[in-house]
Structure formats: structure tokens, C-alpha cells
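Here's the structure, in C-alpha cells; my notes come after.
Chain nomenclature is as follows: A, B, C and D, assigned in order of appearance, with residue numbering initiated at 1 for each chain independently.
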């Protein structure tokens, strides 16, 4: 972390109170892609559940329900066949992840628009970003200041063409200002920027994360912390760090599916420090 | 535990005799919800199997069979398409869990009515309770003294409006008397009350249990002990304690799916003490 | 083991030679029940694969294929829609398990008849036994001396009414003679008898095995050893002992699904002793 | 390894650079068989993902999609209903495995032909080899010098009848020359030969690998290294050694499904040596 961004997020982690119950710990939704593309949403959902969201619900197109249903136990499932049904399913949620394997298409745009009306914190990743490649302003208009965009370099360039020429930190800061939302510019040194000017550079990155699906888990983790009402900028910083810490502890041979199961060890060490 | 409720349940735990066979160790049924809502029943079933029920059978609506079938091996499955078929499938069972993701609707009421005729110990949880929100007396009429209700605070309030004003212990005691069944009022300090006036307050609660699905596992555990013919009040006390003990041992990052796999360690320590 | 049955089976265990290949290590088939009843066959198949059969194939009714297919990787699958198709699928197999959740009905009888013509060692368990309750002689006529019956006490009584009055050892001995096959009479002290008069009583039984599905795993283990051309009586003795050893090492909270994964440790200790 | 083949492949292992991203780490495809035969492709895909391919995609016949979809998370899935669709799905891939449970038939031949046009490194295993039993020259014409054939002895004999009479090393060398591709002749001492005359004999073979599906994992591992642009001969040598090392560490009771999960430990020890 740079000096203007000390790891003060530790103090902000949402440990459950003695009288916690699952609803109080936050409700996270994850929008799934179609039947052959559900793995990304399942990775995100598991990331969000492991990091402490009390309830996690996958919202899926009807054809994906039969694929997802046998793969989940604690995670819940609601198929939606229309924008209206998505709104209804999402309106009690505290945060929603949209984008992982969602499809770069109009339905993803439409789903994002309706989710923006629910009041949930949005974590927009992957196809959720690229679906607005030719109309970034339209995306930014939908966002609130506690929403989070999680582009890797390619996705960032599509939404903010040319901005990276100023360097990654300046680019992320400007992007957050333009989008009016938290921006997580992923890379070896992930940059997290808030629309109020806060900026952090993650310092525990690891190349073992360069494997399919790790971004989906990260999006779920950010969503899971945001659902617990952690400030979105702090949630992003904390999730990025924990995600890398879990990967570093695993080392060579890591695949994305290992990450959720490694979070308890990372959480336990942070909790011990928390006292 | 309060002084009037020493952990004497340890002596009542149903360890298998040297000549035990699976039928003698008790038969547990768990009623599943519909196709997209089967995870809760699967969690309950695994809890019941791990805690020692010799046979565990999920009873499901026909559309849920294709979802559940690939997810089970030792657990058995019987789809039922009518009340009559449910009765037939359940009549050889020693205990049945109904409620987790069952649906708050008339079919759940009807299923509960027919299960009450089988002689099995009923563990009524979640939707099985809420389905009788507007007609609690009708539910109580169905119950025997060894049946168990497992409401969290919200569900308790729906069945026993106003009772909590007297405090949780008094409320649970009165509820057990009214219902004519064991009541497990879940919370940071779970209260267990029997219709004969016995009362216990669990003392090893942990906030890590505030995550979706843990209640389903608990219902299955109570059912699993009751199927082994442990006294229902003692079964509820023992299950509540073991459930929390498994969660405490896991710590931060716990999800409900971890719990059944953690029961063997808890059981082993109790068995060692048993000598 | 009784004195007339020293654990000489250790010397007969089929460790793979340095130039082993999967076909040389034996091919095991397991007949599955219908779509909602496939878990038992999957348990048996995993038991057989873990104990060293080089190839394991589940033979299933067509409606069960969609359930089984996503649950297997190394295990292979052949749906059969007729007796002829079953014969064709089975004729290259070295051993076949039939019975676990197969159904007590005519198709099971017919399947067993056709399998008896393939030359594979048959391991007949559960429904494969009970399907011949009213015509045991017909079953016995199908059997070769290296086939294996694995009844628990109830199933034994159905096939050999009254025989248990002579005591379990005498009963098993007489049953093996009548059936012309190896008989494994399961119980706290499982008795294994061969038609040539050999008899062994297993001495490491454990009540933790009194849970659904453990018998299915045992049948698969016997079949897996027989497929490797271990003498059927020795295979049965070895499998019964290893099955119990795996269960004892696990202790309280064991479920059948734990057993196959525990076999490597049991095999490793036997292999170390083998030198 | 023989003296003319020192384990110099260690220096060639493709460890990710600090700024690695998943696309830079290589894209692997695996062609699946039909709905009841998908396990082999799933094993290969997991082997390839674990060994470091950044993206792994299973390419499957349409009827297999519903089977595979629930079993994967990080691995991606593209059903193809025509040769053209296969080409389109494969053209961005760096390496493709074809053969495991693919079917010995014309579609496999046709799929191989179209994949040969994509520029991806081909790893041809199992049915992909046997499908050309009667027309080996046609197969060889499709291959580039960095493609890899992975026959066991029987498959080798079908493609190169009589060649084994010269001994395994000479046979593999001649086969590589004829095929114009790397040949991995599997056996207790696997021989790896390149068309430029390089030859290596693996020296850590183990009989525990004589179990169904281990060859599928190996094919995926070779493909996974090749996708990371490791020289195909070195990739084959490295994969064969790591595959055996994982199996040796596991010992008795190994099944193919254990192997991918054991790769991280093997990789970690190699990475530590790498410094």
C-alpha cells in the first residue's frame, strides 16, 4: 500500500457481533450467465459467502437453473425470466455482482439498469463492463458512489480509452471521478480509487492469480464485504489484499476454485490480529 | 448451560452398540423444497447422517428428484407426488425434518399434517413454522410431546406473538407448554424448552453461525439424534451444543456446508469422554 | 480371525507389477439401479476403483445415465436398455457387482441371469439377493464357485430360512455349500465361508459401519479385488478387514462416503508390511 | 532419464512472470466425448489447468453440455454442433487435447482435421490415435512438428505396426520421424521422442498409474505446458515426470482423480528448486 493508504481497512472489517444473524450480516446477489456459463457466478457467490455475507443468492436465466441447482447448498437460487422478475428478486439485496460470464449483450445492459434501481451496491465486472464499451457514459450514469467497477487493463481501456497513458494511478483516479464510483484497476499492482479522491495501490500481488476465474472470486469478495456494509473503497482494498494473500499462501498450481476455501485461513489471521 | 440444566445429555447420546446395524441406528426423513430449493434439505440430511442416523432419506417433489439425485450417495431419495405417497414413504421413519426451504404455502401445511400421522418425531423448522403463522393452534394440535419446533426469533414471534416480551426463557417455556412440544428458540443464547417444564440455555453460541443454512444443518442434527431415539429435549440440547462447537472450531469464514464434515471431530471428543 | 483362518490373505493381495497397465489390473462392472437410486452403485464403484481395479464401469438403466454421468470422471458408464446390451457391456469384465439399490424385481433377476453367462466373478448383494427370496435354488444354479454372496442377517434368513439356528459359522458354511459360492454373512463378526469348506471370522468389526451404504462399498471392494484375480474367498476376507479398518480409523461420525477415500491409508500400511 | 536426456526441462518450465495475466499463460482446449463419456475430458482439462494454462475450455458435442456444465467452475465450456463451430471455438487456442473418450469414429477424424488448421499445438491421445488405425499416413499429414502423440503400447502398435520389434527407444524415435511429431510411448519407462531426433526415457515411472484415466490427465498436462509455449518435447518430458511424481507421492490406492490435486505439491518443489 502507498503511504496515503495505510491498511486501515483492517479496522473496518465487518466481524459479526455476538448477536449477529444471517440477515444482519448482509445479503449478496450474483447474476449468472446462461446454462453453459454458470461457473463464474458460482465462483463469485462462493467468494462472497466465505467472506461473510450472511445470505448469497444467485440470480439466473431460467435455462441455467438446472445447472446451478445441484451445485449449491447454502447458496440460494432464483431464476428470473424478465427484467421485472430480476428487480423483484434483487430488491432486498444489499449488494449485487454483475458481469462474470454474463454475456456482452443487451440483456446484460438491461439487467444492470434495473439493478441500479434497487439501491444495492453494484460490483460490475467483466462482461458487465464490456457490455458498455461503446456507451460508457450510460454506465456511469447508472452508478452510485458506492458502486464498484473491477476492470483488468483491457476492460479499463475499453471504458476509458487513452487514460492509461497517464500511468495507472492517475488513470484509476480519473476513472473513478468520471464514473462516480470506486474503480479497481486490476494488475500486478492493483490500483483502487474512489470518486472522492482516495487511492490505494495493493502491494501483495502474485502471478499465481493469473488463472481463469480468479477475477470472479474477487468480484464476489468485494460484493460480500460491501453487503456487510463495509465502505466500498475499503471493501475493495481489503478484498484485493485477502485474495492475493490466499493465492500466495497456495503458490504454484493455484486454480480459482481453491480461493474461497483458503479465505478462512486469511480471515482467521486477520481476526486474531483484530483481537 | 444454566444450573438447572447440566450437560447430562452426554450420558444420553446414542452411541451404537457393538451389534448395531443401520436400521437400529434410526431412520430419518427430510422433506425437500422444489427443484431450485433443495440445498436446505441436503444440508439437513447430511447433518442427520453425520450425527448417526443409520438411514437418511430425502422426500422430494417430483421435479426436485433430478436435482438431488446426482448430489447424494449414502443418502436415499424418494420423490412423492401426492400426500398419500408422502405418507407411504414416511411411515417407516423414526423422525422427519420438515421446513427448510419447504415453501410457505398450503402444500407444506398438508405435508406436515400427514407426517404427524406417521408416528415419527417431527422437527419443524423455517417454512414449516411460518406456513402456520396465521393458524398456530392448528399446528400445535398436530404435535406430540416429542416433536420439536426450531424457530429463530422472527419465526417465534410469528407463532407466539408478544410472548418474547416476558424474556426469552419464559417465552420458550410458555411456548413449549402451548405447543405441547419441545421448542428451540434460536439466538446467541439458544433456549431449549420442553412441554414438561424442562429448560436449558445453551452457553457455547458463536456468531460464526450467522450464515445461511446453518439452521438447516441444526434441524437435521436434532432429527438425526431423535431418530436414534434420544429424548427430544436432550437431542435438541445436544445438537445445539455440537453445532456451535463445530462452528467455533472452524472460526471465521465458516459456511453451513462445513458443519456436517466437522461433526466427526466433535463426536470423537465426546466419545472419548464417554470412555 | 479364528485360528483356522490366519490373515494369510495379505500375501495374496494383488499389488501391481512394475509393468502393470490398467487392463491387467482388472475390469470391474457395477450394475446401477434406476435414476433416483444410483448412489449405491456409485459407492460400490468407488470402492472397487480405490482398491485397485484398473477399470470400473457402471452399467445403468438408460434413465439413470444423466444422473450418473456428471458424478464420475475415472469411472466409466454404459447405459443398457436390454438384456442383450447388458451382456455385451459386461462380457469383457472380470467381475461384476449386482444388487445395491438394483430393485427387488424381475429385471434384477434377469440381469443376474445374463451376467452369470459372462464368466465374470459375480458379487451379489442386497436387492440381488432379495430378488431371489422365493426361489433361492434358481439363484444358486447360476453361481460359480468363485462368485460371492454378501447378505446381512436379514437377507441371509430370506435365502437360507432357519439356517441361522445352527449358529452363524455353521450357517455360513452350510450356505456356501448349498449356494456353491462364497458367502459373506455380515454382522459384528462377519463370517466368510467358501464352498470348499474354508471359513474365516473377521475380528476387527466396528459399530461405526452401521450406517447406510457401507455394504455397497464393501461389495465394490470385494469385486475390485476379485477383478484383480484374487481368490474370491481371500478377496472377501481382505475386503471385510480393510473395510472395517478404514471405519475404525475414522471413528464416530463415519458415513459410507468416507470409506473409499480412507482405503489408500489402509492399503499403504499393508503395502509397507508387504515390503 | 538417460544421459542423453538430462532433466534440463526444469529450466524450460513456464513459471508466470510478475506481470502475467491469464491469457498470457496460455489457452488450452480439450475436446470431450458424448454425454456419457465426458469424464476423460474433464480429467484432461483439470490436469491442464493445474499445470498452469491460464484458460482451459472444454469443447463438447451439444448433448454433453448439460453433463459437463455443473461439474466445472474455472474451466469454460463451448458446445459445438458442427465442424465450423469447432474451428471457431478453437482458433484462439494455443493447444488442444483430442482423443480421451472422443470415440473411434469419423467425427473424431473430422474434428482432428479441422483442429490441425487452427495452428494450436495438438495433443492426440487414445481414440484420437485409434481413429486413424487404418490410415496413419493421413494422421501424420495433419501434424506439425510441435504436435504430440501419446500412445500406450497397444495404440502405438496400431499406428506403427511392427515397429516395436526394434525396441521401444528405436521404435519411438522412428515413429516421431514418420509422424513428424513428438511421440510419447507410454509404459513403465515412458519414451519421449522428437522428430528432430531428441530422445528421453522417463525414469520415475510407477505402477500406481495403472488405473483408468491417468492417461487423460497426462494428455491434459502436456497440453497445459504446450499452451504456455513450452517446447513440446520438453513439455512432454516434464509432464510425464510430474505425473509420475504425483502418483508416487500418493502411492497405493491412487485413482486418476487424485492427480490434478497433487500437482501443486510437485510444482512447488520444482519452483523452490527454480529459486
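To be clear about the criterion, a contact is a pair of C-beta atoms (placed from the backbone, for glycine too) under 8 Å apart; a residue touches a chain by one contact, two chains touch by 3 or more.
Since we're looking at a predicted model, the values are computed, not measured.
Homomeric contact subunit A/subunit B is classed as different-residue, with under half of its interface positions used by both copies.
Note: centroid distance subunit B to subunit D, computed from Cα atoms, is 49 Å.
Note on chain placement: the centre of subunit C and the centre of subunit D lie 35 Å apart, centres being C-alpha means.
Each of residues 66, 70 in subunit C touches at least two other chains. Viewed as a network of touching protein chains, the structure reduces to one closed ring of chains, two contacts apiece. Working note: touching chain pairs come out as A-B, A-D, B-C, C-D. Of all residues in subunit C, only 35-40, 42-43, 66-68, 70-71, 152-153, 187-188, 205, 207-208, 210-214, 250-257 touch subunit B in the complex they form. Those residues of subunit A that touch subunit B in the shared complex are 15-22, 24-25, 49-52, 54-56, 65-66, 69-70, 72-79, 263-268, 270-271.
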